[in-house]
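Dropping the structures in below, format is C-alpha cells.
Each of the next two complexes has subunit A plus one more chain, namely subunit B in the first and subunit C in the second.
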Partner chain A sequence: MTDANPTSTDRDAQTDTERGAHSETTSSGVFSRLPDWVGRYRIPIGLVLFVLLLRPVVALPFLLGFESVATTILIIVLFVAAFNLLFGYTGLLSFGHAMFFGFGMYGAAIAMSGHGPAPELGFLVGAVVGVALAAFVGYTLGRLTVGKGEIYFAFLTLAAAEAVYFIANRDPFGITGGSNGISGGAQPGWIESFRGELTVTLIPWPDALVDVFGWLDDWYLLVGLVFLLAMGALWQVVRSPFGRSLIAIRENENLARAMGIDTARYKVWAFTISGAFSALAGALMAINNHGASQEWLSVFTSGDTVLMAVLGGVHYFFGAVAGVFVWEFTADYLTDFAVLDLGFIAVDISRELSHWQFLLGAVFVVIVLVSPNDGIWGYVRAYAARGWARIEEVLR
Partner chain B sequence: MSTSSITNRSRELLADVSPAWFALALALVVATVAGFAHQPGLFVTQAVGGLVYGAILVLITLGLSLILGLMGVVNFAHGALFMLGAYLSYSVVVAWGLPFWTALLVAPILVGVVGVLIEVTVLRRLYGSEPIVGLLATFGLTMMLDEAIRYHWGTTPLGYAKPEVLRQSVDLGITQVASFRLFMVAVATLVVAAVYVLISRTDFGLTVRAGVQDGEMTEFVGVNLPVRFTAMFFLGSAIAALAGVLQAAEYGVNSQMGQTFLILAFVVVVVGGVGSLFGSVVAGILIGEANYLAPVILAGLAEYTGIAALNISGIRGLVPYLVMLFILLVRPRGLFGEEGLLE
Partner chain C sequence: MTDHDATARTGDADATAETAPEPTRGEPHARDDREDDQPDPVVEPQAAALATTDIRRTFGEVVAVDDISIAVEPGELRAVIGPNGAGKTTLFNTIMGSLPATAGSVHLDGEDVTDRDEHERPHMGLARSFQSNELMADQSVLENVRVFVQTADRGAFSFDLFRDHRDVGRERALDLLDTVGLDADPEALAKNLSHGDQRRLGIAMALATDPEVLLLDEPTSGMSPGATRATADLVQQVQSELDLTVVLIEHDMDVVLSISDRITVLDRGSVIATGPPESIRENDAVQSAYLGGMREEL
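Our next item is the complex of A and B:
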C-alpha cells in the first residue's frame, strides 16, 4: 500500500520522529519534575480526565447547555476508536462499520424487549450475543476480504453492511422490527427512566446512604466506567506486540511480511476485535436510545464514522476523542445557533446552518488533501509541542 | 477459421467445464424455464425491467470504471454526481419549463463541469498517492454535494412528466413495455458503444491509455496528460448525469438515490472485475436481470416443487449481494478482472 508513494512513507516517518521528539520533551524540560509514569500512562490518564470533564464542559450554558449529549459522545468515541483500530492502526478502511454497531444495538434491544420469538432475556445476554455475532461476522468477512487490497476491502464492507441493513429492513421472522426498529420495552430492569433521564438502580443503597452515594446511580458514570474499561483494553491492544505488528503492516505491508508477520491473519484479528468493540458500543447505545433504530445501521453511520476518525486524526489514539467531540459539538452547536448578530445587522442563518454537514465535508476534504493521517489531534499536538518548546526556551 | 475448428474449440471449452459447474448451469436454466412457464407475461416484463435497471447500472459503473481503471482514483462522489444530474433534469423540465430533450443535454454538461471542478481542485493533487486517499477525499466531496442538493431541492421525492413521444407502450405479444424503457436501453447501448470507440479506436483514447501505463514517458512524447485526464473526468461525470436524467424521468428523484446506486455500482465493479469496461457492462446487465428475475424464478420454482418456502418475499434487494458473494468465493478477481490491479 505505501510503496506506491514514497513521499507518504517519508511523511509518516517524519511524524514518527516528531512524535518521538514530542515524547522526549514530555520527559524532559518543564515536565522533568513529573514522575515517569505520567508520560507512560498519559493515555489512560487523559481518558479518565476526558470522562470527568466532558459532562461539566458541554453543560456550560454558552456551549451546549445540556448534559445528555455527553453520554452519546462517550459511546460514539468508543465506536470510532474501535473503527480506528482497523483504519488508523492497520490501514484497512471499512465502509461498513455500522453493521457491527448494529449487531450490538439490535442484539441488546431484541433481548431486552422480548421482540419477535425471543422471550425477554436481559441486557447482558443480548449484548454478549451481539458482540459474539459481530466478532464472528468480522472474522468470516475478514477471511473472505482481507487479502484483496484496500479498495476492494472498502467496497466489500460497504456492500456487506448494505446487505445487513436490507435484511434488518425486511424484518425476518419479525425480530428486527423493519423500518420502525425496536422501541417498546427495550430497557433493562436496572435502569429507570424519568423524563428521558436514565438512572441506574443496580446497587440497593440502604436508606441512610442514599443521600451520600445516590449520585453514583448515574447512567453517565456507568457508561464512563464501561468506556474506560473498553478504551483501556483497546489501548492495551494497540501497545501490545500485536498492535505494534498492526502498525508495521500499515506502514509497509511487504516489509512486515518479510519480517515474518502473517499479515492476513493479523488483519483478520484486527477486524474481529474492531467489530466486537463496535458492537459493545452499539449495545450501550441500545440502552441510551431506548431501543434500536434503523438509521444506526445505515451507510450514513458508517460514513460518519470514517469522517469522525479522519477529522480527529487516525494515527493517534486520541484522534477518535477529538473527532467525535468536534463532530457532535458542531452538530448540536450549529443546529441551535440561529441568528448571526453582527451588531449592526442580524441575519437568520438557521436554515444554512442546519446543513452543517456541508461545512464539515469541506473541512474533511481539506484535511485529506493536506495531511490525511494527522487530523485535528495531530494539528493540536504539533501546535502544543511548538508552544511548549517556546515556553521552555523562555524558562531556561 | 473453418467451422470444424470452432466446434472443436467449443468442445474443448466444454470439456474444461467441471461437472459441478455444468450442474449449476443446468439448474439455473431449468429454474429460469420454470419461472417463464409459470408466469410468462410477468417474466418478460421483469426481464425488460431488469434490462433497464441493468442499463442504468452500466451507465453509472462505466464512468466509475473509466475513472478507476484509467486514473486509479475511486470516485466516491460518482453517486452524488448521478443524483445531481437527476435533480438538474427536474429543474430544467419543471422550474425552467424547457423540454425533456434539453435536460438530456444540459444536465450532463453542467454535471460534467462540476466534475471538472472537482478534478482540478481536489483530485489532481492526489494522482500517484494511495488510492485510499482519493476515496476519502471524494467521500468528503460526496457529503458536500449531498448536502448542497438537500439544501437546494429539499428531501421530498420529486418527479416530472416524460415527453409525449415516449409515453406510449410497445406491444410484445405477451406483455406491454413502456417505450421510455426501451429508449433508456437504446441510449445506454449508444453510450457504451461510443465510449468503447473513444477508448480503443481514437488517438485520444490511445494517448490516455498510454498515460495510464507510463505517464512520464507519454508526456515526454508531447502529450498534454492533465487536459486528457480532466476530459476523461468530464466524460465520466457526464455519463453518470445522463443515467441520472433517464432514471429521474422514469422513476423520479429522491435524496437517497445517489448512495443506493453508488453501492450497487461498487457491487457491479467487484463482480465485473476492477479495471474492465467489458466486465462492468456484463456485470451490470447480469445484476439488473438477477435483481428482477429472481422473484419470478423463485415463485415458479415454489409453484412446481410445491415448497412454498422457496418463494422468499423481498429477496430482490438482497440478490446483488448474493451474486457478489458467490463471485467472490469462486472467482475473487471478478468475471473479467485483471490480476493484480488494486490488489
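Our next item is the complex of A and C:
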C-alpha cells in the first residue's frame, strides 16, 4: 500500500501491500490478474494518466472549454501534496505554507526580472535559491517549533508566514515590488508568451523533427514533466522506511517515541522536505503567472491549502489531486458560465455566481459531512471497491 | 533490597538506605516495615541488567515514586505488584524515560541511562509494552510490528528514502507475530483485533526493538482466565527463547506467584518487600499493606 489509508473501509486498500497487487482477501478477480508491478507502482501510473488526461478533460466544451487551468491545477496539486506530506502523513498542521510557496515564486520572479547575479540563468538560479531558502527556513523553523504541540505549531507557522508577507509588502531594496508584486519582464528567455499562451523554446529542436502534436514546445507538458518528477519523489518519500516512520508518528506519537523513533527529528525533516517541494511549485507558478503576486503569500493561500488537502482526503496520496481538481474546477466552472440554460428557459445567474466562494464552501461542508476524515478520494475509493465487488458478483 | 542497592551505588559498605539519601533530601520516611524485607541476593547496579537507584518522581506535591531502588539480575523474571496507585506504571515510565525522573538514576546493563532521551533507550536494549493497548489502530497488524523492526534496524533516525518499506523488516515482523502466537491476518487493521490479540500485538511490537530487558505492563489485563494462563506461558516462553530479562507488572496473583523469580511489592510509591514468591506470600508487611483479605487467595 503506497498511500496511507488508515481510515478507509476499503479492504482492497489494506490488502494489496505485500503479496503483490492484491492478496487472497481481495474479492477483485480483475485486479488479481494484473501483474504485481501494477499494484506496486499504481500511484506513478495514476499520476502519468492524470497528467495526460487532465488537459483534454477540462478542455471539453461542456466542462471548462479552455486549457490553461490544467497547468495551474498541476502546480497547485504539487503544492498541496507537499503540504500534505506534513499534514496528512506526519500529522503536523502548518498554517503558514504560503510562505514556502512564496519563497519559490518570489525567488524565481526576482531572478527573472533582472535582480539576480546572472540574468541569463535567471529562472534556474531563482528557483534553486528559492527552494534552498524554503528548505533552510523549514529546517530552522522546524527545529524551533515542532516540539511545541499542535496548536502552537499551527500558530507559530502562521506567525512566520505573516512575517514573510509583511517583509514582501515592505519591498526591501525594491526587489519584491510591495503590494504590486513582480510582473513586468518576469519571464525566462526560453518562454514565449502569446496572448497568454506560453510556449517553451528551451531546446532548439532540429528542423527535421516534425512536431505533429505540438508537444515539443508545450508549456503544459514541461510542467507535467516537472510535476511527475516531483510527485514521484514525494511518493518515494511516503513509501520509504523514512515515510513509514512519519506515519507511525502521526498514528501514535507516544508509541513511536517509546519504540525508539526520534520523533522531533523526523518532524523537522518532514517540514524541510515539505517546504522545499512547496517552493518548487511556487517557482513554476512564477512562470505560469508571469511573475509573483502578494496574494500568494497571504494567509488565504495557507488556508486554502489546508482546505484543499482536507477536501481531497489527507491520508491518501491522491487526496491532493482530488482536492485541488475539485476546488479549482468548481471555482473556474462557477465563474465561467453566467447563464443557466435549462432548454426551455435561460436564467442569468452571473450575479449569484460572483459569490462562488460561498458555493464552494457549501461543497466543502457536504464533502466533510459525507466523508469525514476520508475526503473525496476516500469516498471514491470506497465506492469504487463496492462497485467492483458488485460487478464481480454479477460476472460470477 | 533497597539497602543493598543504595550501598552498592555509593560504594560505601557502611552506608544504609536510611542514611545515604537523607542528607540530600532531609525528609524523614516512615520505613519501619522495611524490617520485614526478605534479604535479596546483592546485585550491584553495575552487574544488574536493570537497576534503579533511589529513583523518584513527583507530580506537584504527590510523590508517585518515592526513592525506589530495584536491581534486576540478567535473565530474571521480576514481578512488580502493589495496589492501585502504588506507582508501578510511573516506575515504568521513569525507567523508560517517558517521564523524566525527579531524582535518582537508572542503569541499564551497568550504563547510566538517566539522562538519555526516551527514544534512545529502546536502542540500548530496553523495551516496554503498555498498560492500555497503544498501537497504530488504523495500520495493518504487520505494519505495526514492521515499522519498529525497521526502527531497531536503522536507528532512531534514518534517511532511508530510496527503498520500498515493504522490503524492510517484513520477514522478521512476521516471525515476531508467529512468536507471540498471533494468528490473525497480518493485513487486518490493528483496531479490528480482539482485545487479547491487541495485547499480544503489543508484546510483538516491544520485541521488535530486539530488547534485552522487557518491561510488561499488565499483559493479561482484561483477559479471561484461559487467555491469562496462555499469556503467562507466552511470557515465560519468550523470556527463555530470547534470553530476556523481564519486569512484569501484574495483578493476577496466580500468574505472579507461578512465573516470577522474584517479586517486588510497592505501596504508596515505596518498595515494601522484595523476595522470591514464597517469602512474599508469608511477608507480614505485604499482608497488611497490600494483600489484606487476600491471604486466602494466596
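Please note the rule applied: the second predicted complex is superposed on the first by the 338 of 396 C-alpha atoms of A that agree within 3 Å, B and C clash if a C-alpha of one lies under 4 Å from a C-alpha of the other, contacts with A are read in each partner's own complex, and residues count from 1 in each chain.
Throughout what follows, a residue touches a chain if its C-beta (ideal position, glycine included) is under 8 Å from a C-beta of that chain, and two chains touch if they have at least 3 such contacts.
Keep in mind it's a predicted model, so treat the numbers as computed, not measured.
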{"item": "Partner chain(s) touched by A:F155 [first = subunit B, second = subunit C, both, neither]", "value": "first"}
{"item": "Which of subunit B and subunit C A:L222 touches, first, second, both or neither", "value": "neither"}
{"item": "First (subunit B), second (subunit C), both or neither touched by A:R265", "value": "second"}
{"item": "Where subunit A meets both subunit C and subunit B, residue numbers", "value": "1, 4, 7"}
{"item": "In the complex, subunit B residues that touch subunit A", "value": "74, 122, 125-126, 128-133, 135-137, 139-144, 146-148, 150-151, 259, 263, 266-267, 269-270, 274, 314, 317-318, 320-321, 324, 328-329, 332, 342-343"}
{"item": "Subunit A to subunit B touching residues, read off their complex", "value": "1-2, 4-5, 7-8, 91, 93, 144-145, 148-152, 154-156, 158-160, 162-163, 166-167, 170, 299-300, 303, 306-307, 310, 352, 355, 357-358, 360-362, 364-365, 368-369, 372"}
{"item": "In the complex with subunit A, residue positions of subunit C that touch it", "value": "96, 98, 117-123, 127-128, 130, 134-140, 142-143, 146-148, 150-152, 154, 156-166, 168, 170, 185-189, 205-206, 208-209"}
{"item": "Subunit C-touching residues of subunit A, taken from the complex the two chains share", "value": "1, 4, 6-7, 14-15, 17-18, 23, 25, 40, 236-237, 239-245, 247-248, 251-252, 254-255, 257-263, 265-266, 269"}
